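Input: one structure, supplied below.
Letters are used for the chains, namely A, B, C and D, taken in the order the chains are written, and counting of residues starts over at 1 for each.
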């Protein structure tokens, strides 16, 4: 895949950086990440925040799609994110695995599984990305 | 509504605090909040992160439901969060308004509208909360 | 709005006709319909079938969007349908009201409320339509 | 699994029967079905109706969950159904495969893949079922 341009905001200052997201793999069919369970990814009662799962799913789907379509002069933006919360995560890390389920001309669809230290499924996401011509490309 | 117990994690250290969420109103039919658009709520290309919208929706629905059911010996946890992204937010603040659409014995459903400084609708969420007996209540 | 071409399949032979859907209003911001509660719209235990609600939402959003974009040489197809089931419908008719929440260049988003004879909210849908150039237009 | 009671409405008179749904397998982790592509499952422009996919997903998840929990004195009802439409189905039959992703005390979650005659993925569903004590059990 081509090198993407340096994004205007250093990732460590964005939401991804704040929650401590570590992207491990990014290709056009699969992407994985690790989220350390710290207070920054929690709600006040100690559970991983539902929004943290949604953030991870959104970032994986977006980054993997943008990388894959960029060289064709396209850009990708999120259309929707539907995350279901199944059980509290145990341990200190959540693992996320995104699989691309659809590669259309105008939309891509990803499903993301979140598992905890015991290998239990904690949450599920479906993220739909819109793929559009890149301004200036 | 009753005073809730002090949560074990100070909210300012959680995801809500990190993104700068300001909850304005919380009652059992409606809740509103303001999210300042800073890099902490963005993705690296400058848009408000899809996960930030999902986080705000999740927090409003959760906090409003927990407050409403706590005095009856119940607790609430998120079951699902489905956020659609409609247009980039302009200005420096996103406004969120959550309306309760269903109050069942075991589930509550909220819909959340996100508008920007121009009053344009930027995102929509539907959040389903599970309501269950509180351990020890 | 322009007259649409006669569809290739008479509507009464399609799923809409089978369940007895009666579309009442169709414009570009709002659409309404009535669904008589007969066995044809039920599951075997007597409740209105979840798929019947989804069908009504999909038809209203699709028909209203297609009508609105057709004269501009566009067509619309469903991208996703998320229906939540809130309570059993009482009475003999379900009323559906669809409101357009977003009119973008490539997607439209509708939310649909389903109420029963008592005026109680029974189900909610969010339908996202993709809008694309019509082949040959 | 136990024999379920005869449902009050003969399935062939319900929505499932009308669209011609053929359930092939139903167990507590997996369920499959076949949907013949006839006008009864289409919208007027000839595509498989989005509501037909949602109906199949809802029926598989419901029937499989009810069978699995009935002997424990429980019943299951649909909470939500989110179906994404990926591409038109080719051929004369749609195949549906539902996999259970979560078995909780109060909710079960299923994901359903729809493939056409060419083995292409046409649609995806996530169905959440509520599991509750059966009245009189």
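We take it that a contact is a pair of C-beta atoms (placed from the backbone, for glycine too) under 8 Å apart; a residue touches a chain by one contact, two chains touch by 3 or more.
Quick caveat: nothing in here was measured; it's all calculated off a predicted structure.
Note on interfaces A-C and A-B: more C-beta pairs are in contact across A-B. After Cα superposition, the angle needed to carry chain C onto chain D is 180 degrees, rounded to a multiple of 5. With centres set at the average Cα position, the gap from chain A to chain B is 20 Å. We define each chain's centre as the mean of its Cα atoms; on that basis chain A and chain D are separated by 29 Å. Centre-to-centre separation of chain A and chain C, using mean CA positions: 31 Å.
In chain C, 79-80, 82, 84, 128 are the positions where the chain touches two or more neighbouring chains simultaneously. By the touch rule above, chain A contacts chain D in their complex via residues 82, 84, 86-87, 101-102, 104, 109, 111, 121, 124, 126, 128. Residues 79-80, 82, 106-107, 128, 130, 132 of chain A touch chain C in their complex. The touching residues of chain B, counted against chain A in their complex, run 7-11, 13-16, 18-19, 39-47, 49-52, 54-59, 62, 77-85.
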